[in-house]
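My questions will all concern the structure given below.
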Amino acid sequence: MPFEPVILFFMLGLLAGVVRSDLKIPGVVYEALSIFLLLAIGLKGGVELARHDVLELAVPALVVVGVAMLIPLACFPVLHKLGRLPRSDAASIAAHYGSVSVVTFAVASSFLASRAVPADGYMTVFLALLELPALLVGVFLARRGQGQVQWSTLLHEVLAGKSIVLLAGGLLIGWLAGADGIRPLDRVFFDLFKGMLAFFLLEMGLVAAGRLGDLRRAGPFLVAFAVLAPICAGLLGVLTAGFLGFSLGNAVLLATLYASASYIAAPAAMRIAVPEANPALSIGASLGITFPFNLMAGIPLYHWLATHLQGVLS
Amino acid sequence: MSPALTPKKLVTIVCEAELEALLLPELKRQGARGYTLTEARGQGDRGVRDGAWRASSNIRIEVLCDDAVAGKIVDMLQTRFYADYGIVVFVVDASVLRPAKF
Amino acid sequence: MSPALTPKKLVTIVCEAELEALLLPELKRQGARGYTLTEARGQGDRGVRDGAWRASSNIRIEVLCDDAVAGKIVDMLQTRFYADYGIVVFVVDASVLRPAKF
Amino acid sequence: MSPALTPKKLVTIVCEAELEALLLPELKRQGARGYTLTEARGQGDRGVRDGAWRASSNIRIEVLCDDAVAGKIVDMLQTRFYADYGIVVFVVDASVLRPAKF
Amino acid sequence: MPFEPVILFFMLGLLAGVVRSDLKIPGVVYEALSIFLLLAIGLKGGVELARHDVLELAVPALVVVGVAMLIPLACFPVLHKLGRLPRSDAASIAAHYGSVSVVTFAVASSFLASRAVPADGYMTVFLALLELPALLVGVFLARRGQGQVQWSTLLHEVLAGKSIVLLAGGLLIGWLAGADGIRPLDRVFFDLFKGMLAFFLLEMGLVAAGRLGDLRRAGPFLVAFAVLAPICAGLLGVLTAGFLGFSLGNAVLLATLYASASYIAAPAAMRIAVPEANPALSIGASLGITFPFNLMAGIPLYHWLATHLQGVLS
Amino acid sequence: MPFEPVILFFMLGLLAGVVRSDLKIPGVVYEALSIFLLLAIGLKGGVELARHDVLELAVPALVVVGVAMLIPLACFPVLHKLGRLPRSDAASIAAHYGSVSVVTFAVASSFLASRAVPADGYMTVFLALLELPALLVGVFLARRGQGQVQWSTLLHEVLAGKSIVLLAGGLLIGWLAGADGIRPLDRVFFDLFKGMLAFFLLEMGLVAAGRLGDLRRAGPFLVAFAVLAPICAGLLGVLTAGFLGFSLGNAVLLATLYASASYIAAPAAMRIAVPEANPALSIGASLGITFPFNLMAGIPLYHWLATHLQGVLS
């Protein structure tokens, strides 16, 4: 099997969408599944965090976040100058690619688990930390010289947004309760995780299929960007992981975080903070191309890169 | 018909679901005393919005109000939201009970 | 417009979801031949009803009927429900096909 | 009221949910430029449709359009769907912004 | 216990509906559960299929499908001539009874499992294959001599319909991934299966209760048909299974497939292809009578028939 | 850990509501979870009931219900005379506090399980029995001297209400099927129970946060009542349990039942039977204060009371 089996569910959803099946997963189920996944990922991270000294993560966290902010800063000129996209669209897309995709992270964890490559649960902390900064950079890029941003609304939108609340809340509960306290909940939050992920990917496939039309309008430049940007960001992740002395598994996860593009927090935040940006472009690229690319080719690629560069770097 | 009824306006707004948090306070600011909201899907110039996830869902908001408030809501929508968002508004004549409430 | 259309009334009621079982038989009793119901949320004098659970959900009921039945429905709502429940009603002129149906 | 508003028609269709895939292309064919759809339940001559599963659910479709399109939609519904399906349509006068859109 | 415990959930739902309880399972939950059940049944079948040579199924599949097409052909004259139902209604009901009910199949599997009667997972392939043909026969019967059928719309409606997409998609994923690939998903798709089935049956009970009123209008002929048709079809299934040399478990499943009446794919397809048929009649009969009959009496009866006739036939 | 971990989910929901997070658990998920919990509690009780002689419960049941009816009778004058609340509001609130909260009961069971204090599954029977009587008392109090109550509507509303139907239905199915019959369903109804409870508590936290505003309007008297009433009722429960010779675990559960206030059956019933009562007051008190109080302080307190008084009483 070249693929993680869960990816087959994504492909089934994609196929169902393409043949215009009447299969529809109700929006409410999408909501419920995403709440489940965010909370479960947070809890798992929190339980593992309880086994570590949180302070040890401070320096890596600073580096990881600092380097991540380079991603939107590098994407913006490419999109604006090279791709001739309007400032607002370039900034919004840059923000999507600087932020992270929770499900891509989950598939990467699952990929590592099925190859028995160990990775640390506290990587979830980086997942939570990486969501916001790129969005701020994106809004800054869109508004440079115009300065009428409602930063407080934006910060509230993201920090009180469901992904941060559930990830951070899960981390905290897991950390407070510890493995023993969480054990009675394992049957739901851990045992069901992969099956629920499969369901969610089925739904994501349906949603992504609906986005393919947007891409025709977006043109070949954006399609190329949506494949090349994650590869470059993934490489940056592998290098950063090497610099920080991360294990192979952690390196793959960091590369995946850098390479992934947000489609939960970013669209909502950009719609409010940079309303003149066209969401069809940013979501079309991140969900229509980068998400499937990462699932099917990106994650194995980052694994390969991390395996080979680790020898070189260390 | 029932003499208890008084003429008012019913303003109906259909827009992207993401706008909810931004729009509701604006309606209040223009003088709306209440609203009724249903989840919706749809299609317009910006393509199909199929409700599969929040980013492609619509909401449908109704406000009962007097002429003046209806005019202010329409103007506010035109100034603040029409350029950037998928939004449709229409106004209908309606008769209500307890006119002081709206 | 299409000559097939006949004028009728569209009565729209927005109220607490808990009222459904009480309200629908009353509508029938006043002569309504049918209704259409959607789940709703909203805000009014009694605060926000956010739909998080049944006790804070609204329903939105539409009845197409003739003038007389519309009047009777409005009067019934005023007598039986207005004092105690969060309820809003409005009436709009509508044109329908197959007028005998309503 | 706001001088920006122009009169149009609001056509509302309530029908069996199963009809969605058949009906939407027909609306487009008659000239509808968009639509708004909400899930509904209801009751009519064909009994209660309680929304417990797709086969007993309704949908409620709204189309803003000009007189001519409204007439064509009503006629199309009458010719193609009225005999065999549970379907109700009503037309209301509405004022809209950006009339060219509808 | 004369009954499978899951059937008690159906009866609870029926009772709740009859006493006009305010218990309502939201339509969205119905949708989500039916997606789960279809996918899980497909996956299970696919995993077991991976252990067999698919080609070996070709001949039995042809026979099973060919014989199944006799069911609507036999039902139609009974309904039209004997029952004096209009051509369109007779054809639509015949299509429902020729097609299959996924949940009845699931309850039969569960019945066999709790009696430790082995059955082959690949029977799911027949489930998927039997859905469509009877619908085509039904439309043909309704339109004979009028010839204005939009066959392509109909074929798309059914083949891209959610039951085929999920059953066939699940079969394919299970077959591609195999038992090992699916193992991480077992906790959701296999362990939860029976509990989810119980929930679904609760909901089906509520839905069926709402259909009992239709039956009063339908009259005694249709009620009798809804009990006798499955018995005859079940017998046909047992005989066909005997002819094909099926094991006892497989024979019971085939009999159940023949005896069951569709209430997912058929109503949707008939509503589009034979709109003048009254859905209250077909759904009232299939869901209001045949479905409960099969659950409570039919499946044990087919088991009894298969047990006794197997001795005779072989 | 001073808290049951599941309570942390309630606190997370409360926090999310207070910071106006966009986290929303769809109403449909609330419905589905409450159906699951009611059914699971009923099933568990029924399975354990099958191990006992039902008739032995008759006398304790009479005492438990009889004493419970004192709760609304005692609350009413406090609220009406002391608190100067209108007759209808006092009666409605009294009914809420006389009736029971299923989720509080579930958390108490979970509290006992994690402290390895045994309790009998048949306590669920009392849960089901205690829902209705206080509601009748409440309506009687509201209507005394006016006599125009539609008792039959009210009785139907409650007895055919979803909580009674699912609890009693679950009890019956569990009792009929027994532990062996239910075993295939254990993976859903028992293994997932605590995780689902955690989810439901997250949602309850969000709902409760929306109720905090009501409390400001309610004033300090009602806030004090919402803390003191459960303490008194809990003490009454411990004493009643002592009189009946209940085990420690059963005593804690009975105290929790007495101390808990309904927010499912009671609001619906009172809205219909006593419409002039303001639901913001009764739900604000029961859900905004008493529910969190019981979760965080009440249950441990009743445990402490039962532990210490048991020595004294026996």
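In this document, chain identifiers A, B, C, D, E and F correspond to the written order of the chains, with residue numbering beginning at 1 in each.
Here, a contact is a pair of C-beta atoms (placed from the backbone, for glycine too) under 8 Å apart; a residue touches a chain by one contact, two chains touch by 3 or more.
Note that the coordinates shown come from a computational prediction; the quantities given were computed from them, not determined experimentally.
Participant: Going chain by chain, each one touching the next, work out the least steps from subunit C to subunit E.
Facilitator: Between subunit C and subunit E, the shortest chain-hopping route counts 2.
Participant: Using the touch definition from the top, list the chains contacting both subunit A and subunit E.
Facilitator: Touching subunit A as well as subunit E, we find F.
Participant: Taking CA centroids for every chain, report which one is farthest away from subunit D.
Facilitator: F
Participant: From subunit E, which chain is the farthest off, judged by mean CA positions?
Facilitator: The most remote chain is B.
Participant: Counting in whole Å, what is the centre-to-centre distance of subunit D and subunit E, each centre being its mean C-alpha position?
Facilitator: Distance between chain centres: 35 Å.
Participant: Between subunit A and subunit C, what is the separation of their C-alpha centroids in Å?
Facilitator: One centre to the other, that is 46 Å.
Participant: How many Å are there between the centre of subunit E and the centre of subunit F, using C-alpha atoms for each centre?
Facilitator: 41
Participant: Among all residues of subunit F, which ones touch two or more of the remaining chains?
Facilitator: 22, 24-25, 28, 31, 157, 192, 268
Participant: Any chance you could list the residues of subunit B touching two or more other chains?
Facilitator: 21, 38-39, 92-93
Participant: Classify the inter-chain contact topology: is it line, ring, star, complete, or other?
Facilitator: It is other, because the touches fit no line, ring, star or complete pattern.
Participant: For this structure, enumerate the chain pairs that meet the touch criterion.
Facilitator: Touching chain pairs, listed by label, come out as A-B, A-E, A-F, B-C, B-D, C-D, C-F, D-E, E-F.
Participant: With touch defined as at the start, can you tell me which subunit A residues reach subunit E in the complex?
Facilitator: Result: residues 1, 5-6, 8-9, 12, 15-16, 19-26, 28-29, 110, 113-114, 191-192, 194-196, 198-199, 202 of subunit A touch subunit E.
Participant: Which of the residues in subunit D come into contact with subunit B in the complex?
Facilitator: Residues 1-2, 4-5, 8, 10, 24, 33-39, 64, 92-98, 101.
Participant: Could you pull out which subunit E residues touch subunit D in their complex?
Facilitator: Contacts found on subunit E: 24-25, 27, 30-31, 157, 203, 206-207, 210, 213-214, 263, 267-268, 271-272, 275-276, 279-280, 283.
Participant: Okay, in this complex, where on subunit C does subunit B touch?
Facilitator: For subunit C paired with subunit B, touching residues are 9, 14, 38-45, 58, 60, 67, 70-71, 74-75, 77-78, 82, 88-93.
Participant: Which positions of subunit D touch subunit E when the two form their complex?
Facilitator: Result: residues 16, 18-19, 21-22, 39, 46-48, 50-57, 83-85 of subunit D touch subunit E.
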